[in-house]
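Given below, in the form of structure tokens, are the structures.
After this come two complexes, each holding chain A, first together with chain B and then together with chain C.
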Partner chain A sequence: MNGPCIRFAGTSKFYGDVLGVMGVNLTINPGVTGLLGPNGAGKSTLIKLASGLLCPDQGDVFIGDRSTWGNSRLGFQIGYLPDGDALPDFMTGRRFVSHLLRFHGEGVRSARQRAETVLERVDLSQAANRRIRTYSKGMRQRLKLAQALAHDPQVLILDEPLAGLDPVGRRDVMALIRQAGEKGRTVLVSSHILHEVEAMTDQVALMRHGRLIASGRIPELRSGLQKQPFRIRLHVDRSRRLAAMLMECEDVIGVHVPRATYLDLETHSPEKAIEFLTGIAARGEACIHELGVEDQGLEAVFRYTVDR
Partner chain B sequence: MSDTPHSNSKHPSLISTFILGLNLSFTQGLRLHLKPRKVLIGIAVLLLLISVQVIMLLADHRMRHSATDVYVVFNAVMVLNLCLPFLSLITALGLLGGEIEQGTLVYLLIRPCPRLAILVGRTLAAAVVTHITLVFMFLSCLCAVRLVGRGNAAVLPPLPTVGLAMHLILVGGIGAWIFTSLYSALTLFCKRPLVALLLGLGHALAWEGIVAFLPGTIGGYTFTQNLRSLFFNYPTIGPWPHRVMFRDPQLVPPVNDALVFLIGCSIVFLLLAWYRFRGREIRPAE
Partner chain C sequence: MTDRVPERLNSEYRRYTGPIRSRRFLAWWPITRTELTTRVFRWRYILLYLVAFGPLLFREAILYARFVIAPVQIRLMNEMTSSGMSRLMLWDQLDFYSDYLEDRVLWLFLLLATAVLGVPMVARDLRTRAWEIYFSRSIGRMDYFLGKFAAIFLVLFTLTWGGALSLYLSTSLLGPDADFFLHNLGWLFPLTLYSALLCGFLALGALAFGTLSENGLLLAGSWLGLFFIAFCIARVLRWVRPDGAFDWIDPKYLLMEASAAIHGHASTSGFPTWVSFLLLGFLTVISLLILAHFLRRQKEGIG
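Presenting the complex of A and B:
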């Protein structure tokens, strides 16, 4: 079953004179959505508004058709991983997860069993009986993920879930998040690390200075950036000759020759440019060793929208 | 794709989640406070209290006063006036203010139980911790009196043991609850626990420590004098020869008025705390 949508309807939040988020209109559909932006962009504020920990000053936030603020029953549907490192250090990992599960109406025994299962999923079963104060940063992060996943929520709201994890931990957590998305859960993940978000999803929302500046699938966002042409880098035998031929192609808007065997071309339509290049290579007019389209991933979208 | 919320038929009802949340918040609060290190600190404080009392009693013997007088003075003045508010302040700050400051309360706030349940559970846990400590303090006083009095029954109040125990538990419990609910509300209204601590200390020292003993009727509005009214007038206790020393009608209200005042105040504090807690936001770290 697909999870409900998270919907921000003209949502604004201020901390006194400081802007948190401003007029955000966004719908997060089932599947994984990455929330990206530099520090202070308003990602954590948006995440906290979605999880019902902050009250919007203007507009509203809905999960399904219910407002998130002041609606404790939504806790059955939401799994939330907070930022920061705070955990009740005096408890063991198992006790922490099973204790929180009991708030969802689980009996003592079934809460313990579910806690065992979810701790195994996040690879913490070996350390489950240790006190949290003895956990490393990565283990604490996985424990936070375990409590968010434990009651099998329809909506997962994860604030920097990969922070503090080692490469293996990152890979495992990314796999868990992808799985949740594939199962139809609505997953909102905030992160700074672009390639990791790109590895989990191609659905993103970009924020800057408290405003939502773009949202959608990465390829669509990239092709929507008409002012920023794609750059194709070619490794060829004779770059100057190829450059002259490329100037005849109407889809190529610029050619740059950094070295004798390398050539960069700029185009708004990489598919047509590549088709043109394929024709040249097929006719034997140029020898192309390598071809790569740059500026087309999330990093380019981020650079041209957020980082400009 | 479904945009409708999932059926809640399999989820517990609102009342069930309230009771569950109250219970779990209470038990976790108790666990949070009843830790071995804190128990050891508590025992050290008790030993210190016993030592102070022994010194006071010995000094009083030299001045030819009755040991019972000293016992009554010590318990009424020290425990009810000073120890009880301070203990309540520390536990209330630790349970609510500390958790909000550290950020661990967020794991409870996102659970499907009403915030009132979490608040009442935590306040109850703080009151129980305060109360347990208080009962130990009273017991330490008794031990000290016994020790110095060398088993002479005359140095103990003329009460049956069960009656005395009930008396201490009841008055201590009411006192612990009223001060804890006050300081819980104070903690929630202050942005930082340090501010709540300073305001709480101000209240304990100025209002309960000084105003309570000022001549006139204003002392009747302090918790100290209302608790004293229960302490010395509780019907199950019977006569207490020395209670007359605290029966200044200007200071001590009648027992029924005291009960109504204390219960009414605790309800008001709890409602204020709830008002603040239900609107409490968990803001991103700066």
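Presenting the complex of A and C:
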């Protein structure tokens, strides 16, 4: 079953005079969506609004057709991973997860079984009976993920889930998040690490200064940036000669020759430019050793929209 | 760039018709259970609980001696009468049971229990931000506070009301009058009322006090300090006004005056009974206002 969508309807939140988020209109659909932005962009505020921890000052936030604020029954559907520590140090990992499961009305035995299963999924079985205060940062992060996944919620709201994890832990957690998205859960993940978000999803929302500046699939967002042409870097034998030929192609809007064997071209239509290059290579007019479209990923989208 | 509506937006997802856990009557109980099983019933507090059971065990021993070990009775009565503790032998009067609720050792336990167990309950959650995870569950803010309140209240109430009830049952079982239990059943009402007032007042105060800072240790110390300062001021003012007109400053006298009114025995302080209830009500309102302020700050995201 697909999870419900999270909908921000003109949502604003102010901390006194300070703007948290402003007029956000966004729909997060089933699947994984990355929430990106620099520090202070309002990502955590948006996440807390979505999980019902904060009350919006303007607009509203809905999960399905239910407002998240003051609707504690929705907690049954939400798995929330906070960015802070948020763990009671005096409990053991197993007890913590099973106690939280019992908040949803699980029986003692069923809660214990579920806790076992989810702790195994996040690779914490060995440390399940240890007090949380003895856990490393990575283990704490995995425990937070375990409590978010334990009751098999339809909506997962994860604030910096990869923070503090080692490379193996990151890979495992990313796989769990991808799996949840593939199962039809609605997953909202905030992160600073662009390539990891890109590895989990191509659906992103970008924030800056408390405002949502873009949302959608990465290729669509990139192609929508008309003022920012794609840059293709070529490793060739004779770059100047190829540059002269490329100037004849109407899809190429600029050519730079940084070194004798390298050539950068700018185009709004990389597919057509590559087709043109393929023709040249096929006719033997130039020898192309390497070709790469340099700024078509999330990093480029982030740079051109958020970082400008 | 303006907000873009993603292509895969599908309006059928907008309406969620999946399962939603129905509101349970005891939604706060998981919080109470968590507090009781993980924080209250711990070996480190064993000494505290032994102190708490002291007054009860003492009175149970007196009852046992009075009714079972007859030869001891005379000597015990003589000794107690000479040391001014003759009220402890009045097992057939309500005072014997209400005295238990006013016992100094029990009062000390109540203060220590609220300081050690009650006050840091919310403060610890604030420090670790564990409340974020609780509130993202099917736990409302009121459930959260109700659960915490119930945890403190249950501990205090078990020791106070439970102790008084146990004395009453012991007298019924050991005493010579077989109808004692039924004849004096009415005593349970004032005992229950006063226990609830005492425990409810302290539990609510401790809970509200616990929301003032993230530092549980500082709060616990301040909580005890407040009572100590009030006690000292009341003692000093006793020298100025020996009639006890300012005894209401000491919370113990405040509660003892309420106890006297509820149990129908003579007042030991020098201020009117209505002052006692007025101040208890005022302090309760202050506690509720502190909790409301805390909830508002949580809602605003500045807590």
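What we mean here is this: the second predicted complex is superposed on the first by the 308 of 308 C-alpha atoms of A that agree within 3 Å, B and C clash if a C-alpha of one lies under 4 Å from a C-alpha of the other, contacts with A are read in each partner's own complex, and residues count from 1 in each chain.
To be clear about the criterion, contacts are C-beta pairs under 8 Å (C-beta built on N, C-alpha and C of every residue); 3 or more make two chains touch, one makes a residue touch a chain.
None of these values were measured; they are calculated from a predicted model.
Chemist: After aligning the two structures on chain A, examine chain B and chain C and state clash or fit.
Modeler: clash
Chemist: Contact-wise, after the overlay, does A:12 reach chain B, chain C, both or neither (first, second, both, neither)?
Modeler: In the superposed model, A:12 contacts neither chain B nor chain C.
Chemist: Go through the superposed model and pick first if A:203 touches only chain B, second if only chain C, both, or neither.
Modeler: The answer is second: A:203 touches chain C but not chain B.
Chemist: Which of the two partners, first being chain B and second being chain C, lies in contact with A:45: first, second, both, or neither?
Modeler: In the superposed model, A:45 contacts both chain B and chain C.
Chemist: More residues of chain A are touched by which chain, chain B or chain C?
Modeler: Between chain B and chain C, C touches the greater number of residues in chain A.
Chemist: Taking the superposition on A as described, I'd like to know which of chain B and chain C A:26 touches: first, second, both or neither.
Modeler: In the superposition, A:26 touches chain C alone.
Chemist: Using the superposition on chain A described above, determine whether A:216 touches chain B (first), chain C (second), both, or neither.
Modeler: Touch status of A:216: second partner only.
Chemist: Just which bits of chain A does chain B share with chain C as contact spots?
Modeler: After superposing on chain A, chain A residues 1-5, 15, 29-30, 45, 48, 51-55, 63-66, 70, 72-78, 80, 82, 84, 86-88, 90-91, 99-100, 102-105, 147, 154 contact both chain B and chain C.
Chemist: Would you mind writing out the residues of chain B in touch with chain A in their complex?
Modeler: For this pair, the touching residues of chain B are 1-6, 8, 11-12, 14, 16-17, 20-21, 24, 28, 31-32, 35, 102-104, 106-115, 278-279, 281-285.
Chemist: Per the contact definition, I'd like the list of chain C residues that touch chain A in the complex.
Modeler: 1, 3-10, 13-24, 27, 30-31, 33-34, 38-39, 124-125, 128-130, 132-141, 143, 299-302
Chemist: For the complex, give me every residue of chain A touching chain B.
Modeler: On the chain A side, the touching residues are 1-5, 15, 29-30, 44-45, 48, 51-55, 63-66, 70, 72-78, 80, 82-84, 86-88, 90-91, 99-100, 102-105, 147, 154.
Chemist: Quick one: which bits of chain A touch chain C in the complex? Just the residue numbers, please.
Modeler: Within the complex, chain A touches chain C at residues 1-5, 7, 13, 15-16, 20, 25-27, 29-31, 45, 48, 51-55, 63-66, 70, 72-78, 80, 82, 84-91, 95, 99-100, 102-105, 144, 147, 154, 157, 203, 212-217, 220-221, 224-225, 305.
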